[in-house]
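Look at the two complexes coming up: chain A is in both, with chain B in one and chain C in the other.
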Partner chain A sequence: MSSTVRRRRAEPAPTTKRHPVRGLNGLPWMLPAFVFVVGLIYYSVGYTVYISGLDWDGLSVKAKAVGLGNYTKMLGDPVFWASLEHTAVFWVVTFAVQTLLGFCLAAIMHSGAKLPTLHKVLIFIPTVLAPATMAPVFRLFFDHDGMLNQILTAIGLGGITQSWLANETTALPAVMLITIWQWTGLWFILYYAAMSQIEPELLEAARLDRAGNLRTLWYVVWPSCRGTTVSLAMLSFIGALKTFDVPYLVTTGGPYHSTEFLGTYIYRIGIRQAHIGYAAAISIVLLVLAVVGAIVIGRANRTQREN
Partner chain B sequence: MTLTGVHFKKATAAAAAAALAMAALAGCADTSGTSSSATSSGSTSASAEPATSGEIVWWGYTPGSPVNEQYIAAFNKQYPNIKVTWKQTSIDDYDAALRPALGNATGLDVYQMSAGSANGGAAVFGGNAIDLAPAVEAALGADWKSKLSSTGVNALTVDGELKALAAGAVFSGTIWINKDLFDKYKVTPPTDWASWKKACETFSANGVTCFVQGAGQGAFNIDTIHAIADNVSPGTFVKATKGEVPWTDASIVKALGLWKKLFDEGIMQPGALGQMQYPDANNRFMSQKAAMVMMGTWYSQYLIPDVMKSAMQAAGSTAEPFTMLPINFPDIAGTGNTGSLFGDVDYGQGVSAKSANQGAATTFALWMGTSKEGQQAIANSLNLIPALKGVTPDWNTVKLVNSSAQEGPMKDLIERASAVNDAPRFATISADMNQALMDALAKVAAGKSTPDQAAADLDKAQKAQG
Partner chain C sequence: MFEIRTVRARVFLQVLLALLTIPFVLPLIQMVQGAFAGLGWYNFVVVWQTGVIPTFFANSIILSVAVIALVYIGSMTAAFAFAKLRIRGKEIYFWLMLVALTLPEVILLSPLFVTFTKLQLYNTLAAVILPLAALQMPFAILLARNYYDGIPFELVDAARIDGANLPRLFWYVMLPLTKPIASAIVVLTLINAWNSYLLPLVFLQDRANQVVTLLPQFFVGEFSNDQTKILAAALMAAVPTILAYILMQKNFERGLSAGALK
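On to the complex of A and B.
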């Protein structure tokens, strides 16, 4: 073995001057992903930018170039602005509530709750249920004669019963409630996993310093889960921008656009009304908002961590 | 790890494959319509010779299982060597599913098209179909236009080419009642505002929803406002959709006021704006929790016991089929103008210009739209008013839930619908006006717009589309 080592040491050092062709090293390995990313995603984005400059129904040859016309049209479109507002409210509320619930449930499960597996399954089940199967159930649940009103009446709150999905002020909260019910399970699982990574010594030190449960949660556990919270913030922000299934299936964006989101509006404009160019322009705005939002959240997190 | 000749060849091959893949991807996504493809030109004069064998896939959204399978079974009695696979989507998803599917040579051969702003509108999707006129002429002769309902031919002709062959037409303006519930609670079918209100009070007192409408699914609201507007002033609604009368016309404003009154005075079920016509309202009627529903002639298919049984089971009911009847929209305006029916071709069969089985597909479309056998099957399913003139249901063959009670009203409805001329349902309503109408009606129903404001909004939308 030593002679082999010596022989290897005796070999001349590899030249630093690389053959130009060597720059292609690994290209075959990279190609599948390269083709997928460039060919499918970036091409599609580029193509969407292109058609956002057209007045086109999506099928006919009669496509009229309108330049930035679709973008200026957006500025004066009240439904577009309403969709943005709904998206912002939806994100803030669902993220805050899901974070609170997911974090608390994870903390409770880490504190030695009985039947942990059963609880985990029960909390996580809504996440795997298809919205399409649940939509009619929720329409019945929130109906005038639905279960929610029956429950409220039974507990003496009959005065606040109403047709939740038919009222513009309650339809959006109902959609948010369904979303929270659906996704809290995922938040819980991720926080549960994050809490499992906290060093026991850290918690022990907090105990020695006579920190109570709430103080330990706030000053030790919560900061330790910052990475998870930031990831969930980004995911839920992008998810809010892309929200489609629940409002489309439960309320179809109504009544009178009070649960319209960018996703449902793009579908309505592009598919129902066949204004593909305008729908593409809204899609581009959605993309820009998603990228900018993710960057802002990431930077805010970095700045806070540095401070 | 140097790049030997072999490696270099491999890399080059991989790069070439990647380039091809990218080109393919680009090709898939290129729907700009700038190519010279016949499918996008809107002028696809090429027609196919009917064939007697092959395999085809038939796309559509109506009338749904098991009726479509019954049509296929009847077709196969004449053409056993053509295998037809029915591919159904929901009505709301049809347009979205159809767009990408039309780009393929396989998987879609025949597809349903309809009029105006309805799903699968021929104006949008007709460009992807071949011209069926030569095949129809060969089947029915040079005077083929006189043998088919003009409603179907006109609505499905685009740029002078017959893009689909109508199976038949549907008409709206009717309300369907559960006769068994009316009999049980000794309620007479409503004919005016007072009797409608009284009927609703009785049903409500007995825990039955009087009238159900999925007002959250706006297209059906357009049927209701059309019926009300025809009650106020016959024909004005259609004139408004054509731009011949402003939406601010006093009769339209009055109709919008009556529409609001349905919500305010307990005719419409509470929370109607949060429900869909399908499945919510349909299920409530089919499970006998509601006594009346606003539906058109397509609902007559449920007079057939097996079809109704399927619909009732889908609605969660295991009861035996009940007796339902069509009645005229009540005279709520007090004008005496009742019995209005308005309709379009429901759907027609188009043959995809990209289909690799155009011969068999053309045979199927011709059978559905021009053959006596196909049209009789459609007539007997009670789903449509047939497109081939002179074909009516064979009442000796058609078994109804309650023949003695239902046959007379059905014959009358079919006769009246067959006589309707120039009273379109959606054919004159563009997709943008459709949306404007849905918005206006929802706002009026919720009290967010007055009838005058809603009429002004509609007028603005009509003018915006030129």
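On to the complex of A and C.
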């Protein structure tokens, strides 16, 4: 797993030490990447800020300056607020379920279950597949005569079968299920690695105290995996903000905007309806949320390095 | 790690594991079932005869290789500089780069659309390669820098005393030592480039330069409501990825893990 990567990181980092050798100018080595990244990304962000003050379709010569008009418009836009709410619900639910599943699967695999590689491969395959490739499959899966309804009928739940993606209340849970299906494999691998690094003495001590497996799991193993859990919380936060492929391809944000996310809404307004000024204003809000996330991650990374 | 003593508990866990694993397989079964429904293998023949499959795959390969090359060169040199060389105001540069770490690509759409149209890059692979590489690079630099940090300065000194200049130091000392993190970066970049959808969707309009992730939609246009052909196309797009993962499990898992924990 990532043990080599992590062990390296755990060593005391000598970055802050002033280095005595003269003439090691790093600027030419750093500059190409820096100019490329900062040039493209900061240019785009700056341009977006500029566009967000316009009423423009992106192609025509005349663009009307509207000041903060696009931002005030956003405050009164119910779809914008709905997108934010979906993003929040999506983050909390997918994170909670993936953590529960990933942690339990890792614990089961650490208990000497048979055929570990087979199970691991099957659970991890969704992580490497493109959501764009799987989207038509899920449209069928959740459809009226899809596999989900077949299974429900087979186990005697035929009464609740429906077109899951066409229903306002079930479309968002379906989108979350697809995401959970996709990412639980990675969660599992990371918890598995984290559990492998727990000191055997700790587990031995718990055993000597006659703590049962479940108690050990809750009082020793779960706290030891805290670092992983925090990283995954951040990862899924950023992931929720970036969500686009699945809702766009599986439900196109509908029905009635019930699976609209910031990403799909920006695309709908900016590219489809060619109101790129308003789309840019929403992009800026999304950017602010993402940057706050980046700062928190950067902090976490720094404390990790300093420890 | 956990000792499961009774046979009953063991059986229970094994059954639980199987029950938890099944839901992950169901969509794959649905995909295969749907792709073979109706005309069976003939669905694949029809899809293949459209002649676009090789083009889409070739474009995906070009796209991925170009993004990987840019990210690899950019991140290895920059991380070397950040970790081992002197730069005035180093941490400011580093932070400016980190801010780009979490940027959702949808933010880039409008400005890049306008700019690429002006530069006549719209509807070329470059319009996808450049932003993808720029989005992947901060992450790769962060990963690589943490790795370079673990390499002792004594090695740098020793090479300098032996008279190695910076390019030689980088090439003969640093690159060989950073292979593990480089392979993680390559795999992570490969997956992200290969699976990218939004940028190709917006910037690639001709079927001559479209990529694998756009296949299902292309066939939605081609066969309107014939689900079986669309799923056959999806399956053809998925199989190489699944095979690559099964053949290089460790690399994929390590790459994605490294990507997650930063």
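Simple rule for what comes next: the second predicted complex is superposed on the first by the 267 of 307 C-alpha atoms of A that agree within 3 Å, B and C clash if a C-alpha of one lies under 4 Å from a C-alpha of the other, contacts with A are read in each partner's own complex, and residues count from 1 in each chain.
The working rule: a contact is a pair of C-beta atoms (placed from the backbone, for glycine too) under 8 Å apart; a residue touches a chain by one contact, two chains touch by 3 or more.
Remember, predicted model here, so these are calculated numbers, not experimental data.
Superposition model on chain A: chain B and chain C are shown in a clashing arrangement. By the touch criterion defined above, A:Ile271 lies against chain B and chain C together after alignment on the C-alpha atoms of chain A. Within the superposed three-chain model, A:Ser60 lies in touch with chain B and out of touch with chain C [touch as defined at top]. Comparing chain B with chain C, more residues of chain A are touched by C.
With both structures placed on the common chain, the touch criterion links A:Ile108 to chain C but leaves chain B unconnected. Contacts of A:Tyr47 after superposition on the shared chain: both chain B and chain C are touched. In the superposition on chain A, A:Trp164 contacts chain B only, with no contact to chain C. Once the two complexes are overlaid on the shared chain, A:His257 sits against chain B while remaining clear of chain C.
Of the two partner chains placed by superposition, only chain C is touched by A:Leu287; chain B is not. Judged by the touch definition given at the top, the superposed model places A:Ala33 against chain C, while chain B stays out of reach. In the overlay built on the shared chain, the residue A:His86 is in contact with neither chain B nor chain C. In the three-chain superposition, chain B clashes with chain C only at 203-211, the remaining stretches of 5-13, 59-67, 203-211 or 239-247 being clear. Taken together, the two structures place residues 19, 21, 24-25, 27, 34, 38, 40, 43-44, 47, 51, 58-59, 136, 267, 271 of chain A in contact with chain B in one case and with chain C in the other.
Note for the complex: chain C touches chain A at residues 1-4, 10, 13-14, 16-17, 20-21, 23-31, 33-34, 70, 73-75, 77-78, 80-88, 90, 93, 95-115, 117, 130-131, 133-135, 137-138, 141-143, 146-147, 149-150, 152-153, 156-157, 160, 166, 170, 180-181, 184, 191, 194-195, 197-198, 202, 212-217, 220, 227, 230-231, 234, 237-238, 241-242, 244-246, 249, 252-254, 256-258, 260-262. By the touch criterion stated above, chain A contacts chain C in their complex at residues 1-2, 4-6, 8-9, 11, 13-15, 17, 19, 21, 24-27, 29-30, 32-34, 36-38, 40-45, 47-48, 51, 58-59, 101, 104-105, 107-114, 117, 119-138, 140-141, 146-147, 151, 181, 184-186, 189-190, 193, 195-196, 198, 203, 207, 213, 216-217, 228, 231-232, 235, 238, 241-242, 244-245, 249, 262-263, 266-267, 270-271, 276, 279-280, 283, 286-287, 290-291, 293-294, 297-298, 301, 305.
The part of chain B that touches chain A in the complex is made up of residues 1-3, 8, 10-11, 14-15, 17-18, 21-22, 25-26, 29, 31-34, 40-42, 92, 95-96, 99, 102, 124-125, 127-128, 215-218, 269-276, 279-280, 431-432, 435, 439, 442-443, 446, 448.
Put simply, chain A touches chain B in their complex at residues 19, 21-22, 24-25, 27-28, 31, 34-35, 38-40, 43-44, 47, 50-51, 56-63, 136, 139, 142-145, 163-168, 171, 251-252, 254-257, 267-268, 271-274.
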